[in-house]
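Each structure below is given as C-alpha cells.
Shared between the two complexes below is chain A, which has chain B as its partner in the first and chain C in the second.
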Partner chain A sequence: MNKIRIGIFSLSSCEGCIVQILNLEDILLNLLKKFEIESRILGTQNRTESYDIAFVEGSVMSIDEEMELKKIRRMSKFLVALGECACHGGNFLVRDFNVGEILERFPGSETWYSNPIDRYVRIEYYIPGCPIDKEEFFTVFKSLLLEKFPEQISNTVCSECILKENNCLIDKGIACLGSITRGGCKAICPTFNRECYGCRGLSDDANVEGLLQTFKEKNIEPPTHLTLITRREGRKT
Partner chain B sequence: MSHELIEVKGVPKVEGAVDVVVKLVNDNFKVEVRAREGIRLLERLLIGKSYKEIPFIVSRMCGVCPIVHNITSVQALEKALSIEPYEDAKSIREAMVIGGHLQSHLIHLYLFTLPDLVGKKNILEILEGKEELVKTVLRLKRVANHITDTLGGRAVHPITPTVGGLTRYPSKNILETLLMESTLFKKTLREVLEPILEAEIPKFENRTQYLSLHDSRYPILEGKLSVSNEIFFEQEEYENIISYLNEEYSTARHYLINGKPYMVGALSRLNNNYSQLCDDAKEYSRKYRISFPSNEPFVNIKAQAIEMIHLADKIVDILEELTSKPLKQENIKYNIRPGEGVSISEAPRGTLIHHYKVDESGKIIEANIITPTAQNYKSIEECLQNYLTTLIGEKLNTISKEVEKLVRAYDPCVSCSARFLREH
Partner chain C sequence: MPIFLDRIMKYYQLIGPVKTEKGVSFEYVSECDKVDLDYLGHTVLPPKKFFFPPIEEMFAYEYDETGNLRIYDFLEEVSKGMRVIVGVKPCDISSLLVLDKVFTGEYNDPYYTTRRNNTLVVGLTCNKPKEYCFCTYVGSGPSIKKGFDLLLSDLGDMYLVEVGSEKGWKLTKFNLDIFNEAENEDIKERERILLEVEEEIRKKGLPNFATIDKVLVERFLDRIWDDYSRKCLACGKCNFTCPTCRCFTISDEPNPDLKSGKRFRIWDSCHFLSFTKVASGEVFRKDRPSRFKQRIYHKFVYSINEIGSISCVGCGRCIEVCPAKINILDVLKEVIVGGKSVSAKVS
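Moving on, here comes the complex of A and B:
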C-alpha cells in the first residue's frame, strides 16, 4: 500500500506552527516513518505528486505566495489552514496598523497586504491559534486520516478557563478576551495569569458589545487589536 | 557583463524562505542572498501600543526563538521604565531562554545540518541505521521544551515573562522536577554530540569581524559588546557602531560594522568568550581539536554543539540555586514614566537588539529591533563569494549543494529578518 502523502507548507509567518508540529516529539518519529511527509524545513520537498492532506501556515503577502497556494490546492485532496496567519491573515498582529499613516511614511506601500488563505482557495478545515495547539493538530490529523472532519470547537476560552477553576482576570481589572474567543487552547494564557488576546478568533455566539460594556463598567481599557478582530469580514472559523 | 550562474530557490532545511543567486560579473562571483518572505512590518505596528503588549507581539517575529525575543523586549522596557526585577525572576527567565537555545540548536544541528555532515539528504535518510540517535535527540528536545513550557507557559510564544517579573512563578516542586530533568539532559547530551563534533567539515577560512556580547561570565542576556575582542562598546552605543543598508533585492535589512560585514552567532560568542565556558565544554573542544578563535564559518556548527554543553551545565546550576532556598515570587512595583531602553542579548543565532522609547502613558513612540540573521546577510554574501572561488571547476550541481551547506552553517532565520519596509 502506498503511504499517505502529507505536505506541510509555510507562507509569510514566524513558522511557529510548524515548530509546534516538530514539538510533537513523542510521535514525530512515527509520523515521519508511517507517512510520506514533504516540507522544506525537513528538506523533504519534491512537489511532483499530489497530497492527501496539505497543511498551510502563514498568510498570503505576495503574488508568488498566491500562486504557490493555488498550486498546493490543485495538488491536495484536503487543505488545512494552520494558525492565526493562515486562518485570519495574522489580523491581531501584522495587520493592526493605520494604513493612512503608514502610506505617509512609506510611500509605495499601497500594495502591502496580508490575507487569510481562504480568500484565494477553498479550505477543508481551520486550526486556529497563535501558535496552534499541538494536541489539537494531532486530533485533527487523526480525523482527517479517516476522511472525517472534526467539528470546529464552538465553546469559548472562558468556559475552558472556568473548568480549570482559574480566578477571573476581568475581576482583577485585566482586559481578557476569553469570553468572546473560540476555545480549544485549554485557556492556556489565563491559566498563566495572562489575558486572552483573542488569537483563535471570535466564538460563534461572541457577545462583543456585552464584553465592551463590562470593560466600561469596570473601567478597563479594551486592547487596541479588539477592533480588528471584530471588524474582520465574515466569520470563517 | 553579468549573467546568472546559479539560483537556489528556497534553501531547504533553514527557518524561512531565502533564495541565493550567484552571478558572474566581469569574471568575478557576485552573490545575493534574498529574503523572500513578506515584509511583516513589525516595528511599525508596535508604535502607539501599550508597553505591556510588546513582549507578546515581538515573540511572533520568530517561531524558533520566540523566548529570547520576548525576554529581550521585556528587559529593554524595564530599562526604559528604570526598573530591575528580583534576581529569582531573572534566573527563571534565563533558564527559559536556555531551554529555548537548546531546542533551537538541537533542531539546527540534527534536523538541518547532520544530513549535510554525513552526506544524506534529510533526517529521513538518517533514520535508516541511526534511529537510536534520532530518538535520543528528540528526547532531549522534549526536555528542553518542557523547561520552557513549564516556566514560560508555552515553548512557542511564551506567556509568563512580563515587565517587572513574571505573571506566574513555578512552585518548588516544579523547579525540583526541572532540576532532575536538566541533570538528565546534561548527561544524555554527551551521547549525541560525537557525530557533530567528529564530522568532517569543509576546510575553509574567511577572516571577518565577530560581534557578540562579552561579559565576565558566558553571556546570554547581559553584557557589553565586543567586536573580535578588539573593539568593546556599551549596549546603548550600538547605533554608533552598527550601520545599516537596504538592498533592493531583499525584504530584510542588512548591517555593517566599520563599513564591512560581520558575523554573529555561536562562533562569534565562542571566539569572544571562550575562557568563560564551563570546564566540560572546554574539555570537549580540546578533545575534538576545535580551537577558538576560529575563522572558519563551518565551525559555527561545532561551536553550537560545544555551547550546548555549557548551556546544559548552566541550566543545572540555575535550577540548583533556585531550589536551594525559598523562591521570591514577587514582581517589582513600578510607575509608568517616559523613557528609553536598549537591551541586547544573545539569541541562538546571535546578537539580538531591542530598543524602545516609551511616553508618559506607557505607549511606544519608537522601536528598533535588529535580528541576528539580518546582521549575518552581508557576511553570508561575502563568505559565499570567497567560498565559490575554492569551487571553481566543480559541477554546477555540486556548487549549488555547497552554497546551501554554507548558508545552513550560518543557521539563518528568515522570518526574523524579513520585517522591514523600505523607506524611499
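Moving on, here comes the complex of A and C:
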C-alpha cells in the first residue's frame, strides 16, 4: 500500500471542525495503523512536497491566508473544504455588517477578507456544517481514499427531521430554516427543539422567497442571519 | 386487549402505535400497555417504515485474500423472526396494498416481500376522523375489506375482531379463551360507527377524484403549477410521510479497510433537485414546477398505468406536515374547477 499523505489545514476559524475530526479518535488510530497516514494537523513545519488529500477549514481573511491556500492547492491532488467557514465564509461574514464600528474598534481591519475558499481555488468536495458531522467527514474521507467522489448531499434538514418524527417548529411559530437548508446533520438542532439556523448552507434550488412568505403568513420574524446566508450563496454563483 | 397483546408478544415481535412527547409513532414495543389503540387519525410516519425502512442495509461485500468478491446478503437477517403490527388504520392498510403492487408485482423486491410475509397486520378501524382525513374520497376507508389478518373495531367496552386471513385465524384460534362470539348487533354497531365517520368525512364536500387523471393530463401546462411551486419549499416532508411514496436511491459505503463495505438504499424525494440527476450530471427536472407536479401526477395519473390504481390513500399526512401548508386537496380542487386549461403539447 502506498503511503497516503493527508494534510489538514486551518485558516481563520474556531477550529471546531478539527476537533470533530479528533473526535473520531478510535477510527483514526485504526486508519493510522493501516495506511500510515501522514497528517499535519495545525502544524505547518516539515511539509512534504505534496498531499493526496488536503482538508482546509476556515475562511480566507487576509492576503497571507490567500497565499497559503493557493500553496496548499498546488501541493494537493484533492482539496476538500471543511465546515461552514471554508464552504460559505461562515460566521466571519458578520464582518459585512456594521463595518464602520469594526473599523473604529479594530483599526486596520479594512484589509480583511472573509470569503469561502472556492473564491480563490478549485475545490473537489465540500463538507458543510458548523461544526462538520464527523461521520459525514469519515464517509467522504473513505470515498476519497478510493479516489471516488461521493454525491454531495442534496436533501433538506426538514426531510431528515420528519424521519425522527419531530413536530414542526414552524408550526410552533419558530423561525426554523430546515426547509431550505442542506441536510446531512440528521436534523440534530430541531430534534432538540432548537431551530435550524442554516449552518449547512442552502439546499439545491432552495425556495427562500417561499419560506419568507410562509413566515409572513404565520407572523414569524425571519432571522436576521437569513440575509447573510442568501447573500453569501449569491456570492458563490 | 392487553392480555391478547401480551400473548402475541410471547411468539412475535410486537409493533404498535406508541404515544411519545412528539405524537403517536409506530414502534417496537416491549411492554404491551405502551400500545395506544385510541390514537386519532394517523401516526407521524406510516407503517411503511417497517416494510421499506428509510435506510436499509441491503448487502455487505468483501474482497477476500485471493481477490474474490464475496457478498453477504442481509436478507437472511430480514427473514428471521415473525412480527405483528397492531393498530394499522384502514388508510395505512390500503397503502400496504399499493406498495404490494409495486414491490411484489412485475419486479419482486425480496426485502419488502420477506418483511411483508414475516409480518401479520392487525388493523384498527377509526371511530372519529382527524382534521385532514379524506379516505372516503379515494376509496380506502373508513371501512376496509382486505389487507389485514385481523381487524379490530373499538365498540367502547370491547373490541370487535374480524378475521381476514388464515394467519389471522391462527392467532385467534390459540387464544379462544379470551374471545367471545360476536353478535349481530356488534357488527351492526361497527357499521353504524363507520357510517358516522364516513358522513363526517363527506362533509368536506370534495369532488370525486376517480376521474382526476384525465383533468390533470389536460392541465399539465396550467399556471396552477407555477403558483404552487412558488409556495412549495421542496423540503420533501410530504414524500417521507406518504404511506405510498416508494422512491429510493442507492448508496455504497466502504469500510475503513476499503476492501469491504455495504450497500444501502435510502428514501428519496422527487422534490429534490438530485432526484433526476443521472451519471453524466444531467438533471431532467430542473425547474421547481416540474418537481412539484411530479408527486401529484405520479399519485393520480402515472400510477394508474403502473399498478392499476391511484397511489393516494387519503391519510392527510402530507397536508398536516407541510411547512408551507400546501393542501393537496386544494390543489386538486383547483385543477378540477379553477384555472384556464392550456392544451398540452408533447414533442
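Couple of notes before you dig in:
Basically, the second predicted complex is superposed on the first by the 202 of 237 C-alpha atoms of A that agree within 3 Å, B and C clash if a C-alpha of one lies under 4 Å from a C-alpha of the other, contacts with A are read in each partner's own complex, and residues count from 1 in each chain.
Methods note: contacts are C-beta pairs under 8 Å (C-beta built on N, C-alpha and C of every residue); 3 or more make two chains touch, one makes a residue touch a chain.
The structure presented is a predicted model; accordingly, all values stated were derived computationally and were not measured.
By the touch criterion defined above, A:Leu146 reaches chain C but does not reach chain B. By the document's definition of touching, of the two partners only chain C reaches A:Ile170; chain B does not. In the superposed pair of complexes, A:Asn23 makes contact with chain B only, with no contact to chain C. Using the contact criterion defined above for the overlaid structures, shared-chain residue A:Asn115 touches neither chain B nor chain C, since it reaches no partner. A count of residues in chain A touched by chain B and by chain C gives the higher number to B. Shared-chain residue A:Thr214: touches chain C; no touch with chain B. In the superposition on chain A, contact of A:Ser76 is made with neither chain B nor chain C.
Shared interface residues of chain A, touching chain B in one complex and chain C in the other, do not exist. Of all the residues in chain C, the ones that touch chain A in their complex are 20, 22-23, 25, 43-45, 54, 230-237, 239-241, 251, 253-258, 267, 269, 272-274, 288, 321, 323-325.
Residues 27, 30-31, 34, 139, 142-143, 145-146, 151, 154-156, 158-159, 161-163, 165-168, 170-171, 178-180, 203-207, 209-211, 213-214, 217 of chain A are the ones touching chain C in the complex. Interface of chain A with chain B (complex): residues 10-20, 22-23, 25-26, 28-29, 32-33, 40-45, 59, 61-62, 64-65, 93-94, 96-97, 102, 105-109, 112, 114, 130-131, 188-189, 191-194, 197, 223-224.
Residues 10, 12-17, 36-42, 44-45, 47-50, 53, 56-57, 60-64, 66, 107, 111-112, 115, 121-124, 127, 131, 134-135, 138-139, 141-142, 145, 153-157, 159-160, 162, 167-168, 415, 418, 421-424 of chain B are the ones touching chain A in the complex.
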